[in-house]
Amino acid sequence: MENSGLRVVLAGAGRAGMVHGRNLAGRVPGARLVGVADADADTAEAAARELGCERWWDEPAKAVADEGVDAVVIASPTFTHVDIAVTALDAGRHVLCEKPLAPTLADARRIKEAAERSSAAFVMAFMRRYSPNVSAAKRAIEAGDIGRPLFARSTTRGPGLPPEWAWDPERSAGLIAEVNSHDLDSVRWFVGQEYVRVHAVGRAAKRPDLAARYPNFVDLIAATYEFDEGGIAQVDGACPADYAYDARLEVYGTEGALFVGDAREQGAALVVRSDAARSEPAQSWRTVFAAGYLGEDEHFVRVAAGIQEPGTTVDDGIRALEAALATNRSAELGRPVAIAEL
Amino acid sequence: MENSGLRVVLAGAGRAGMVHGRNLAGRVPGARLVGVADADADTAEAAARELGCERWWDEPAKAVADEGVDAVVIASPTFTHVDIAVTALDAGRHVLCEKPLAPTLADARRIKEAAERSSAAFVMAFMRRYSPNVSAAKRAIEAGDIGRPLFARSTTRGPGLPPEWAWDPERSAGLIAEVNSHDLDSVRWFVGQEYVRVHAVGRAAKRPDLAARYPNFVDLIAATYEFDEGGIAQVDGACPADYAYDARLEVYGTEGALFVGDAREQGAALVVRSDAARSEPAQSWRTVFAAGYLGEDEHFVRVAAGIQEPGTTVDDGIRALEAALATNRSAELGRPVAIAEL
Amino acid sequence: MENSGLRVVLAGAGRAGMVHGRNLAGRVPGARLVGVADADADTAEAAARELGCERWWDEPAKAVADEGVDAVVIASPTFTHVDIAVTALDAGRHVLCEKPLAPTLADARRIKEAAERSSAAFVMAFMRRYSPNVSAAKRAIEAGDIGRPLFARSTTRGPGLPPEWAWDPERSAGLIAEVNSHDLDSVRWFVGQEYVRVHAVGRAAKRPDLAARYPNFVDLIAATYEFDEGGIAQVDGACPADYAYDARLEVYGTEGALFVGDAREQGAALVVRSDAARSEPAQSWRTVFAAGYLGEDEHFVRVAAGIQEPGTTVDDGIRALEAALATNRSAELGRPVAIAEL
Amino acid sequence: MENSGLRVVLAGAGRAGMVHGRNLAGRVPGARLVGVADADADTAEAAARELGCERWWDEPAKAVADEGVDAVVIASPTFTHVDIAVTALDAGRHVLCEKPLAPTLADARRIKEAAERSSAAFVMAFMRRYSPNVSAAKRAIEAGDIGRPLFARSTTRGPGLPPEWAWDPERSAGLIAEVNSHDLDSVRWFVGQEYVRVHAVGRAAKRPDLAARYPNFVDLIAATYEFDEGGIAQVDGACPADYAYDARLEVYGTEGALFVGDAREQGAALVVRSDAARSEPAQSWRTVFAAGYLGEDEHFVRVAAGIQEPGTTVDDGIRALEAALATNRSAELGRPVAIAEL
């Protein structure tokens, strides 16, 4: 294995990047992390050392140009995805691209065009689909366990704010994209229909100061989606929500309902005393979805090897981005917005 | 006790009425069920016999006129509440009125006027407020356990359709009023703010045939509410949702989140086999909220005795009704509707 | 109903007695509580007033002698059961007798003889069998859901100590009888075999002072039982266990396992904050088994009316008592004790 | 990292061995799996290939003799531990030894002597102590959350039988050692006292055929332990228990109780239909304790590097083995057995 397997470079060694980096540095058969590219050279070097790989670059383009590189995992800030993705795909490097695809539909479409003209594979990083409980839910739906899905709900709230660049909707596509991209992908996947219209209400409820600096910044959002065959979904998101990393999904169908996730998901022991039964809530997407990230990275390697078709495509990325952008616009305008208006 | 205590008549001995009837026939100290009035004389007689009381009438007005009656529990169809309530209040009889108050705001205001000019007490039947877990949640909020409430969510889904009169929004104020009145009251109570605006999407997803007969009939609804100090709420409702009686509430605050109810709430043993861990979901509001109905009836008796102030007022009934009617209009018009527009 | 139905007297208006009293005072169709007999006249009078019945006595024998009495619920201290039961049965009064049957096998056998020669019915108060979740478990076992039962476990721990008379094993048959009689009945019922041998370890772990006053007092007990066809059971009990009223049962069978009860069973809302997810544990057998007590009282009325056969017999009471007494002896001797040795 | 770090050899590439192998092949910083030794040469070679390491041997002694080896993880059958451990320790190789230490106390003591005379470190593989929820429980106890521990209970049941050698108590120390060694270690760790006496009942309930081939074979065991300062514990074990991998622990203390593990622990989505709420139970110790195995392997590497003291020592292994052997003897003799009798 030492001298074979997919040679992967990590582009962006921040919060999300290091999750992929640690997976690819040793836990994923058929792949080898050969280097790290980060706009911040010190970050690149430190990450390369920690992940046990020999090389680092201060620019993804340099890594992509290297003949010893087969694939790139893009985990840099959202507004930088398009340049890295297009360069990599045009150089024939396989791409796993973090969500959301880009902050604008124009950028997203440039990535799609590059993916279409490239010989290399493109996988959209909706890791929840590779998480055992989410994929079991999808299988249950496909097996007819809940009948025809009528309504889906998805909540994601988490501790801490994302990095500063993400506070700016121009660069991140806003909170709904940063925090709820996965919800937008999942409800669409579960309901099995396409987005038509959205209504949303957003607030800068905990951090009004950030709304002053970044127009349209919100830290709380509640949206309702209509799908093309009558399905409905509701999504809500919030951060910083320090009580827990709380990601939950439910689908109501003609013959049952289905639930994934629980805010109480235990990271630790349950202590019962006369005043209360206490358990420790989950604190991070890293732990709650650890198996999902690993499954996604393994899937990417198999797609690059031609063994599997992408389970999450550039079109999935565009659909979720459209929903996110329409959500933002609805929250700004105070009225429902159709996807067709974008 | 035999010859003392509040002498109560039940008006309407259907699904909700019999719950109150069974409570008041023996479980509520300080009260005695003395008779049953139901527009259907056979129903009145059968209920009186079952509940062990001597008298029955085929019209609430007759019962109200009787000097041996102190109080009336109104559990007849929604569109009949106004006449019974006004007659009873004007005759000085205490009233516990089932939700929703009435199908129109005009009717609701007539009840309010009667309550204001009457010497008798009026209690609005939002029994969830008297349920131990819901009231514990309110106490936790008031104790500051979750900080300032920012967002609330409430779901009610249940098996079976309500009686036919309730399928007609003209008579019942629609599914959101029939199924979700309690949610509308609870999220307002928990967030502690007043409704300003609502956006809703409704569907006749399982019973399109009923929409053909009753315009604007829906069996699935998803709504987002804005409150006057920035709070947000989402409510969804569905019936017939045969998988369970599934009532759940959550509140997200600046310092924590709070959860009431669980679709898995066990009515029976958990069996674990290699294929699945199975438990029996709750099947009825009668069992899930049994303590709430009892608490409400006891509260009513104490209010009538002048020992307590009403915990749920005619104004609470009007606020929830306004939210319900605005929800219906939003679902029809496909745009947000302000309470002020009603 | 006023002038018909089973005329019941409560003998012993303490902790257990008042649970039956409140049920029979109005919640149980076909029965009427006509009076209260308690060795303490003030207790008898106060209970009669609270329960809305006209009569009270300072001695059960007086009540039993009254022609207006059809049935007696015996909820006096364990060592007083035998006299009341024999007198009542010999007078042709139906008996519902609290657990444990008596503190000695000799007393228990006297009750059995009286029950056998009486025209009246005898029901043993193992209310868990009438609790929806416990009886659902039994049905699941009978339906073959877990295959053949091999091993059962049952835990009961609860807040507070029982009344002082119960600290004395001579009068109460000890902690295992006072706290764990229900466990002893349930595991036998679930496994479907008869007790053969037991090994137990007991401690006066929290209240060594009481062991000084009452020889063989224990407040913690852990026992293992062998049944006649190879089945095994473990039971543990403790009080005062102030963290919760914690009653749990499990059965391991050849094809699955089954669980009843959960220490976390919620009496109230769940609050999640960054430090902990907290819910309120159940605090009393009164609430955890409320439906069981009611079901038991209803069952008793139907047995007295000749509509049902007793679901819990005097023999069930004797079997559980034998197990309890053998447990006590094993804990004293430090070796396994066979039922046959008693 | 490629050329540094602890050079580890895996001895025994079966069920347990491959868990360690996969961890050490890439997930554990500071270590590198350099080869596999298995008595079965084909197994050794296949494992080495799968784990991406260059070397394999058909005998641990050969690996231990190699200068390129720093440490050995012993995951061969229990009866082979002693020879491998002594050889490795005497050669100055660090040892992580799977539970139980050995099938006899004589063997266990030989390992202890070798550990004492060696410059290398010895870590006992009680991986549950490195599992986040188990170690959180220990921290809660140490923080006084439940007061002084009085009673502990631990259950382990799992699907499938262990390999055939383990059916023979002579080679495996029996079911209680094979399946419940971790329980024996955990209850001792939680109660914080030493074993004094045990009473146990065992059965060949599902596989009487194996008892015919291997005297004293049991597939179900229920034991009660007494500790030296009055503490009590109960442990039960069963396999094949196909319904789930079901590992649960509880501790009852003077001021609360503590629970770890849940048979319902979800591997997948929860589906609620009108007949049942179903979730998928955990199926393997590999997944339930994945973090524990990883934590243990990381701990071993840090101990070998001199950064940490062993968290689980050879003495811990001996204590658990004594408890297991006394349990076996008690089950055979039908009477309590003191540790001092061994």
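Couple of notes before you dig in:
Letters A, B, C and D mark the chains as written, and numbering starts fresh at 1 in each.
Rule of thumb we're sticking to: a residue touches a chain if its C-beta (ideal position, glycine included) is under 8 Å from a C-beta of that chain, and two chains touch if they have at least 3 such contacts.
Bear in mind that the values here come from a model prediction, so they are computed numbers and not experimental data.
Most remote chain with respect to subunit D, judged by CA-atom centres, is B. The interface with the greater number of C-beta contacts, when A-D is set against A-C, is A-D. Per-chain Cα centroids separate subunit C from subunit D by 41 Å.
Once the centre of each chain is set as its mean CA position, subunit A and subunit D turn out to be 38 Å apart. Mean C-alpha positions place subunit A and subunit C at a centre distance of 56 Å. Shown for subunit D are the residues that touch two or more other chains, namely 146, 242-244, 246, 255-257, 259, 263, 270, 272-274, 280.
Across the interface of their complex, subunit D is touched by residues 1-2, 25-27, 52, 132-134, 136-137, 140, 145-146, 255-260, 266-274, 280 of subunit A.
Those residues of subunit D that touch subunit C in the complex are listed here as 146, 150-151, 153, 155, 157, 199-201, 203, 205-206, 220, 222-224, 226, 230, 232-234, 236, 238, 241-244, 246, 252, 254-257, 259, 263, 334-336. Of all residues in subunit D, only 159, 242-244, 246, 263-264, 270, 272-274, 276-281, 283 touch subunit B in the complex they form.
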